Every structure is written in C-alpha cells, then in structure tokens.
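Presented sequentially are two complexes of chain A, the first with chain B as partner and the second with chain C.
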Partner chain A sequence: MTTTVPETLATTRTGSPGRRRGVRRPAGLPWILPALLFSAGLLYYCIGYTGYISTLDWDGAAPIQQQVGAENFVRMVQDPVFWGALRNTAIFFVVTFSVQVALGIVFASLLHSRLWFKTFYKVLIFIPVVLATATAAPVFRQIYAPDGALNELLGAVGLAGLQQTWLANGAFALAIVITVQIWHSTGVVFVLYYAAIGQIEPEVVEAARIDGAGDLRILVSIVWPGVRGTTIAIAILSAIGSLKTFDVPFLITSGGPSYATEFLGTMIYRVSVAFSDVGYGAALSVVLLLLALVAAIIINVGGRRGER
Partner chain B sequence: MFETRRLRSRIGLQLLLSVLVLPFVFPLIAMVRGSLAGAGWGNYATVLSLPLLPGFFVNSALLSAAVIAIVLVCTLTAAFGFSKLHVPGKEIFFWMLLACLTLPGVVLLAPLFATITRIGAYNTLWAVILPVAALQVPFTVLLARNFVDGIPDALMESARVDGANVVRTFWHILLPLTRPIMAAVVVLVFINSWNEFLLPLLFLQTPDQQTVTLVPQFFVGMYNNDQTKVLAAAVLTGLPVVIAYVCLQRYFERGLAAGALK
Partner chain C sequence: MRFSTVRKTTLSAVAGVVLASTVLTACGGSPENSDGGSATAGTVNWWSWTPDNDLAAREIAAFNEQYPDIEVIYKKVPSDNYAAVLKPALASDDGPDVFTVNASGSYSAEAFAAYSYDLTPDVEELLGTDWESKVYQGGVDAFTVDDRLVAAQWAKVGAGIMWINKDVFDQYGLTPPTTMDEWVQVCETFRSAGLGCFREGMAGSSGFIVDTVHSIADSVETGAFQAAVTGEAEWTAPSIVEALGLLRELSENGVLDEGSVGIQQYPDVNNAFLTGQVPMVQMGTWYQQYATVNSLTAALDGAGVPADTPKITIVPIPFPDVAGSGNPSTMFADPDAGQAVNVKSKNRNAAVTFALWLGHTQEGQQVVANNMDSFPTLNGVTPAFDEIEFVDPDVQLPELQKVSEQLGQASDARSLGISAELNQAIIDAAQAMVNSDTSPEDAAAAIQKVADAR
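Up next, the complex of A and B:
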C-alpha cells in the first residue's frame, strides 16, 4: 500500500528535537499482555483448533480421529441445508437491517424533537435489548401458538379465516424469527442513531427549515447523510449479527419446520451436538468465521470509498 | 429535529411515536399478563417456592461477577498500555484483538468442548466464565481505549515528572479519570453475561450449576405445558436486568454510543 517514505519520515521524526515526544514513553507491553494472552490467546487457540478439527472425521469424544482432508468442505458445498442457511441469513440480514435503520432513525429523530415523556419512550424501546432472548422466547412461542394471542386476536376481530399454525409454516416461521430479532435489537440501532443525530448542528436544521424544508425533507437531506458513518457501523454490526444468529431461531423454531429457519449457528449446533459430527461442524465454523471477517472488511471498505 | 411549534403537529408526532412503540411493548405486556393468567400471583408463588430456583440466580450472579472482574482488569490495563505507553507494533496487537469482534461464539463450540472436558471443567461455572470473558474483552478494550485516548498525555507526563512510576500513574491518575467508562463496561458486561445462553446450555448440565437463562427451559421440562408458570419464571429472570438498565440507563447508552461512533 505505502512506500518506504513513511519509514524515513519516522526516523527523522524521532531524531528531531523540539518534538513533544522528547521523553520516551515507558514500556507498555506488560500492560497489554493480560488482555492479549487471555482474550486473543484463548480465542486464537480455539480458532486454530477449529481449523484442525475441520479436517477430521470425529464425534468429539472418541479417541479415534480420522484425517479426511477437505472432505468436510466438499460435503458442505453439496449440502442443501448449508445453502438454505446462507439464503436465510441473507434474507434475515437485508430485512432486519432495513427495518431497523428506518425505525432507528425515525425513533431517534422523534426523540430529538420536543415531545412529552421522552425518557419513558426511550426505556420502552430499549427494554427488549436487555432482556435475554431466552427470557423473551416463551412469550413469543405463546403469541404464535395455534391457540395463542395472535390467533385469538384474529378471531376477535372477525378474521378467523386468517388463523394459522404460524410456526409450522416455513415462510411464516422465518418472518417470525426476523420479527423477534427486530423487536430485540432495534433499541441498539436507535441508541446509536440517537447519539449520532445529537451531533448534527441545530443551526443546519434551522437554516433548512427557514428555506422551507419540511420534516420529511430534513430527514432525507440532512439527517440521513449526517448519520452515514453510523449507518455503516450498523451495517457491519448487523451483518456479523446475522451470521451469528443463534438464540432466536434455536429457541423459537429450533431451525424448523424442515430447515426453513436454519442459520449457520443453529446448523453448527445441530451438526456438532445432536449429530456428534464435530468435524463437519468445525468446517461450518471455519466458513462462518471467514464470512464474518469478509463481511466486516467489505462493508468497511465500501463505506469508506463512498465517503469520498 | 421535527417541527413541534404548533400544538397540532406536536400531538401528531406524539401519536406517531406512541403507535410505533406499541409493538415493542406488546410482548412485554403479553408476558406479564400471561404470567398472571390462571392462578394469578399463585404462579409466582409456585415458581418461587422451588428449592432449586435461588441456585440459578446465585450462579448467574457469580458468573457475571467473575466475568466483570476479569474483563475490567484486562480492559483497563490494556487501554492504558495501548493509549499511553510505548509498545512496539501495538497497532498490530490492537487489530488482532479487534478481529475477534467478528467472532461468533458458536465457532468456539467444538474446541472449547474438547478442551473443557479434557481439563475436567465440564459442568463448572469456569467453563462458561472464561470464554464469555474472552469474547467480551475485544469490545471493551476498543471502548476504553477510545476513552483513554481523550485523556491528555500531559497529565501522565506531569505525574512522571513529579516522580510517579507507571503503576502509580495508572492507579492515581488514570483509574479515577476512567470511572465513566468503567461504569459503562460494567453495565454492558453484566447484561451480556447475565443473558448468555449458548455456553451455559452447552457446558452446564445439572440444575445446581445452571444459570437463569436456562430457567425457562427447565420449567418447560417441569411443568410441561403450563405456560403461566414458564412465563412467571421468565418475568422473574428478566427483572434484574431491566432494573439494572433502568437505574443505570445513562451509563449504558453512553457506553454503547461511545463504542460505535468512533
């Protein structure tokens, strides 16, 4: 990327007098070691180990581990469940990202306006974030159950014909998983936009208003470009979050019916734990990790280029 | 942000906000209502009278406390080192940590399982504490480093000129100044570790070792389909985090925002 020029600059810089950094800073390596050894150490050890296991045919417990090379990866490419999980992840990402960005910006702009009881609304939007999916899952299963709140509501308003066994239908099940995720994490997106919009100067908004811009115009022409950096950050968070998705589909649909809500996370769990096919699970993990890294890099680079 | 000078537009926006918030509140109401259906408060009495229940809460509290302690020590020392001290090649180390932010917990499943059973930590809290803490550290280091970067170097230098060594500078200058970010880290880590589901599910097998996120499943097994008891248990496990959030709301939002805006 760069030439050797910065290096020569660096040498002249340290040599030059009058730099504020005349006093050399004390050595800091021991200070960063606990975090590095513990966190990076443990995580990279696990990643390396996963990479090794991904070349094995192993049930996770038996002393016999058979080397199979890239066979697990070949199997993955031929596995329709794997491609289904990727498709679900893509749909999940596109829908949760778009809906949450729209809701997040609208909530943040509304709560930056002069309205009543703002803290109360903020708390309500954010409570789902702090509740564990495991805690919230029973109520969602109850709402969408055949004799649950949703069917009851439909019956009460005279739409009994629309009643469904919601979680038994693949398309509805995926929609429900997406809805629960949106419910669960819109609060995070809102808080990030709330902070970002707080940094837009009120004078700019005032000036636009004097020039005759309405609420919608201000949202599109001032707020949206003003929070661009945050939107990119949210895109990364939500792409990685979509790849990581586990709790919601596991607890609400267990990946079913017939793999309609299978994600890479639930698939790895099912393959490794229920089927004791740890080698295949590790191969899936390696791919998941690579996808997460690539997603973060693409969005980061793409977002930066767009800024110019 | 929006036009609120006329009362009519202000009421309109207030209505819009209320309608949009409704779907977020509805499941919460359904949860509390469901937990009171049938036997009413009796559901809570039944759940609370279970001798095993306090154990779940104690385990979650122990888990959270241990994770918070480990994460705080690693985070504060690392933030100080990365931000204010001389470390050759430190940006490489920093990016090594940041790359872990993309790491999904489920990827650790097989190696952790193999390692944990080998060292005999299976079905102990440590099997959950260590990986959960390791997964939190990259994000909290990012948060804390951004914060410490904002503390003027001159403060550290003047302490050194006055004869303080690095340890004293850390203890007497840096620590008192980092209280706001420490609070944010504590709240974030508390909620994440209290809510952790996958690792306890995998590594904690007996109810006396399990954490609160496994309570709903435990009750599904116990009460079969008595949803009211399951929901009452869910409300009870959710209460501590909601209370913690409502009380420490300011720190929580500030911490989250500080991390992502950089």
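Up next, the complex of A and C:
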C-alpha cells in the first residue's frame, strides 16, 4: 500500500530551497490573520477600553469623562460590599466545586456500571443544564417564598417549626443560590467525568478487581487519579464561573438580603447600570478579569505539580 | 486563476482589516437623521416600564383615531432592567423612536438627555409660547435639561397612601387603622384568621420601601424626610432615627409580614394583594387603576389566577399615625414619566406627534386620566368617572376623589432629588431594621455617609 502525502503538507514539511535559510513565516498566517485581527480588535480592545474606563468618573453616557486615576480602585478596597462579594464568591466556588465534583464522579461511575435505564438517568441529570435560568428562577422563588411550596410541605408533614422566610435570611439565601447552581450545572460535570472515565483502560480496573479491590477502592485509587486532568479543568471552569456568577443570584435574590448574595457580577451590574457609575463598574470588571486569570494559573500550576 | 503567496497574504490582511473595521465601526453611533420623515405616518416603537400593556393599548387606540397612519408598537420593559435595556438600544441605530424617562433615578431624563430630541419648538407650536403655564410645572422642571425639553411629560404620580382590601376588612368587622395600636390589633385579627397583614417587598432596588420610610418619618415630624433629601437636615436627625426605629417596631410587633427583605413588591406583593391573600399594602396613586374592573381583570389575568377569582374592592386609606404625634398622613408627588424622542429616530416627526399627543393634548390626556393609572398633567383634565367601570363605585369613588384632592396639595417630592445611590442606601437601612441588629442610629449614619459622598 502506498501513501500519498497531500501537496500542501509536503511543501510545508520540506519548504522551498530558496526560503529555507530566510525568515520562516508560518504558512497558516494568512488564514488566521482575519480571526486574529477580529480577536485583537474586539476582545483586547474591549479589555483595554475597560481598563481605561476604570480610571474615569463617568456615567456611561455623558460627554464629560473625568479622569480620576486609581480612585475607583481605592474605593473598591474600602467598599465592604466588594469584600462581601469576594467572600461569597469564595464560598460559592468551594461548595459548588466540591459538591459538583462529588456528584459528577459518583453519577458517572454509576452510569459506567451495569444499570437499567441508563439513558433515562443521563437525560435526567443533564436536563437542568439546558433549562434557562430565567425560566427556572421564578419556580425557585415560589418554592422558597414565605407561603411557598417548601413551607407548605414542611407544614403538611408536621414540621411547621422548621418553616422559615428562606430568602429573607442571608445564610439561607446564599445556600439557596448555591444549591440552584449545583442543580443547574452538575450535568456538565457529569458529562465531562463520564467521558474521562471512559478513557480509563478497562484492563486496569479488571486487574484491580482481581487483586481484590472493591468499588470504593477502585473509585479512590484508579478512577479519581485517572480523571485528574478533568478535575483540574472543572476547577478552572468553576473558579472562573464563580467569579462571573450573575444570573442565579440576580434572578432569585437580587443580591440580597443586605448583600448576603452579592457577587462581583451582580455588583458590577448594580453599580454600572442602576447607579450609572460606569467607571467604578469597569474597575470591578478589571479586578474580576485579573482574579480569573490568577485563579486559572494557580489551579493549573497546582495541578501540574500534583502530577509529579 | 492562481494568486501568489504574497498576494494571498495581502488580500487576507486587507480582508481582515476591513472586517475588523466594519465590526468596530458598528460600535459607534450614526449622526442624527436630518429629515425625520412624515409627522402623520410611519411606525413608532415606544419602550417604557409604564403603563401596563392594556392601558397602553387603550392610549394607542385613541391616538390612532386621530392618526390612523401612525402605527405605535409598545414594548413594556421591567423597571429593574429598564436602564440596562435602554442604554445599548439607544447607542445603536435601531433603538426605540419614543422612550419613557423618569424624573430621577437610573433612567432619568438627565441620564438620557444626550439621546433625546429637543421638543421645545414642537411644544411651542402645539400650545403656544406660554405652554409652560398650561401644564404641571414640576414636569417642566424635571424634563428640562440644559434648556432643552428632553421629554414630554404625560402624567404625575403620588405616594404616601395605603391600600386595603375592603372586602376582607368588612368580613372581619374591622375599620382601617389610624394608629400603631389599632394597626397591631387589626393585624392580630387577620393573622389569627390565617391571613397576612401589611406586606412590603424590600428585595431588589425598587424603592417602594422608601415611600414607607417617608410616610413614617412624616408621622414623626411632617417634612422630616424631604428636609433630609434636600440637605436642610441630616439623615441622622432624631426624626429619621425614630422613623427607622418605628419601622423595626412594625416588623417586631406583627404588623409587617415576615420575609419582606426576601420578596419583591412586583410581582410578589402585588399578586398577593390583588388575589386576596394580603389585606394591606403601601402603593401609590398608580394603584387606583385596580379599582376599575378592566385593569383589575387584566392584572389578575397577568398573575395567572383563575378567571373566576373574585374581584376585590380596593380602597385608599391614609398612612396610620404610627408615631402617635398627631401629624396627618402626607402625600408626596412626582412627575410620573415623560416621553422622550430618540434623536436618531428615522420616524422622528411621527414620534414627536405621538409623544406630544399623549401628554399635551386634551384627547391624549383624557385617555391617561380615564386609565386611572396616573394623574394628567395638562391643566383642566380630570377623569371622566361616569365613563369608568369601578368594582364598587359607591365605596371607591369618594375615597379616590379624596386622594385626588390630597395629591393636588402635595408639597414633598416622591423621588425627585433622590439619587440611585441614596435610594439604595435608604433601602439598605430599611432592610437592616427588619433583618439585623443594626441600631437605627447606625443605619441613619450609613444613609448620611452616602448622601455626603455624592
């Protein structure tokens, strides 16, 4: 059997004799140039422009833009709502990541074993991912309302003493936001783990079983290390997602009560839109971007060190 | 045909630059349309947070009787999201032709003045050079920015009153409370019957609780709240501190329903009241529309309740004298809204026709008045009560007429002069009173801090 190398690839590999010693220009440059310009023009221009706006006292519409230097960043450091939003983000990340990873890996492992109605369970787990938060939020508001479904249920089963004004209590409100997020995105984590577990050699699992390992031992000693790369990717996505969290708290609690469910995303919206304080909102956006980058780098580097 | 590598690279680069330039150019605005089109034909897109769809439909239908060739398409946007939706729309070339602005707050006339067409020549042509004497002066002041009339006022609104479900009060043989003690007793009766009592939604950034704080402060000392807004007094003044303490008392003595900081005035409280679950709310004059059969039916339909749900008889009452100081209940009024015309509108002249018809003609203002949503701002226009179907006219009409008279005497502004930040600070303080151990003094100091910062 003969294999023919496409002409373009052959040229790329060998190059023309006359250009071999000259400046090497990547052959794909003309093809990526439009996309490169598009990205640079839009994405990086927007980031740069946001950075510029963060040095202004500006309402976003007025022709007058007053340069204030780093004043918006100083305000941020002195703003207790900002620190509260960061604390909420940290709690949100730790809890959602931990619970989603636990649920995702358990669901994925179970659905790799012998079960009836596997497809049904997969659909059931994934359905919340495709439901729009705007659609689900009113349902959750009704469930947790003072005269909502949860309190009615508690009353009906003789647990009226546990009835609460759930969304009016800061701790409960944050817990509700977190549980809604877990409900909403565990399906994605499950799919990633399901695919990752499928990559583990069945012979390894079989050998462990022959050596006498039980299900839990296999999960801890073979599956968990085997999906390490996926866990790191999920951690990065969760960290960035936590920093950008907006829709769930905005639609269910509006960031309240008393900023108990305020996140950077809701704060940026409130400051930029309701207060028309676009300069301060831009400063918060810059910090959000930096935190996302730092989080991604730390998790990535930490993950690589762990591999060694 | 074959291109050389260099030519291909050059072409790709040029194409990329052109593409990027096109995208970036699209971010910018376009110059004002100089023509503006016909004043009596065309399509006008109108965006607003008020009125409700059924009321807007009536206003548009009446407008089309005079201007059948102007199609008005109304889009109602929730007030919490209005500024966020409007800003990018106006920055583009495809924004609404007419957009409603408020007298203050995040979607005030001042905030959107840069996008608004100056209506001064048109209103002078319609009503004469002395037009200001023919309309509500508060609206003229609110919607004039840098000597440009950036919006045509169309209604004014008042707050400071309470609304009760008269049917439920009658059912339990109760009369509206006038003091704190009476209010507590009334609420005890309702709660023992498994009902709510006074429900208020404090979640979000809507400032309905600000009205309540205003009413309580005026109960302590008439004019105290307005003095703090204008800077004549500090927010840490004893009367404001006492008002915040009284709000906490309302929460602790069973008058205010539990969970208020976790619910919103719209839709939570509104729906609970109109469907008979809650007997008392604090809403403004815009709520009188639900005394009419048509608007109440539409509201119940919007709330998703069965069509045979009984229609409640809502009646306005004065805010109780919770401080026990003998001060009368007060009303505070603002220009409700004004219609601004998008300076980039391709149908600008038709848009101007609609905006001015609604607020500055007898026909337009009569529809606004009869909708019972807001009070007309063109002098001499009053609701034609005999043309309006009320749920219980014998009970409701006398009380509504009292409110109308009281509104005419209102001296305090409702939200004029209260910035979005100050509004939020008052909401935060109110939430702290019902949801934390923060002292009234500390809560008042936090409001003052925000007031000082601006």
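Throughout what follows, the second predicted complex is superposed on the first by the 279 of 308 C-alpha atoms of A that agree within 3 Å, B and C clash if a C-alpha of one lies under 4 Å from a C-alpha of the other, contacts with A are read in each partner's own complex, and residues count from 1 in each chain.
In the analysis below, a residue touches a chain if its C-beta (ideal position, glycine included) is under 8 Å from a C-beta of that chain, and two chains touch if they have at least 3 such contacts.
This structure is a prediction, so every number in the text was calculated from the model and none was measured.
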* Is A:S98 contacted by the first partner chain B, the second partner chain C, both or neither? -> neither
* Does the superposition put A:L131 against chain B (first), chain C (second), both, or neither? -> first
* To do: May I ask you to decide whether A:D59 touches chain B, chain C, both, or neither, giving the answer as first, second, both or neither?
  => second
* After superposition on the shared chain, which partner residues are touched by A:S254: those of chain B (first), chain C (second), both, or neither? -> second
* Asked: Who does A:A292 touch here: chain B (first), chain C (second), both, or neither?
  -> first
* Tell me which partner A:Y269 touches in the superposition: chain B (first), chain C (second), both or neither. => both
* For A:Y45, decide between first (touching chain B), second (touching chain C), both and neither. => both
* Mind working out whether A:S221 is in touch with chain B, chain C, both or neither, as first, second, both or neither? => neither
* **Residue contacts on chain A - larger count, chain B or chain C** => B
* To do: Would you check which partner chain A:L29 touches, where first means chain B only, second means chain C only, and both and neither mean what they say?
  => both
* To do: Using the superposition described at the top, list the residues of chain A that contact chain B and also contact chain C.
  => 29-31, 34-36, 38, 40, 42, 45, 60-61, 269, 273
* In the complex, go through chain C and note every residue touching chain A. => 5, 8-9, 12-13, 15-17, 19-20, 23-24, 80, 83-84, 87, 106, 111-112, 114-115, 196, 202-205, 257-264, 268, 272, 277, 420-421, 424, 428, 431-432, 435-436
* To do: Would you mind writing out the residues of chain A in touch with chain B in their complex?
  => 23-32, 34-36, 38-40, 42-47, 49-50, 53, 60-61, 103, 106-107, 109-116, 119, 121-128, 130-140, 142-143, 149, 183, 186-188, 191-192, 194-197, 205, 209, 214-215, 218, 223, 229-230, 233-234, 237, 240, 243-244, 246-247, 251, 264-265, 268-269, 272-273, 278, 281-282, 285-286, 288-289, 292-293, 295-296
* **Interfacial residue positions of chain B with respect to chain A in the complex** => 1-4, 10, 13-14, 16-18, 20-21, 23-25, 27-28, 30-31, 34, 70, 73-75, 77-78, 80-82, 84-88, 90, 93, 96-97, 99-115, 117, 130-131, 133-135, 137-138, 141, 157, 160, 166, 170, 191, 194-195, 197-198, 202, 212-214, 216-217, 220, 227, 230-231, 234, 237-238, 241-242, 244-246, 249, 253, 256-257, 260-261
* Contact footprint of chain C on chain A as seen in their complex -> 29-31, 33-38, 40-42, 45, 59-63, 141, 144-147, 165-170, 173, 253-254, 256-259, 269-270, 273-277
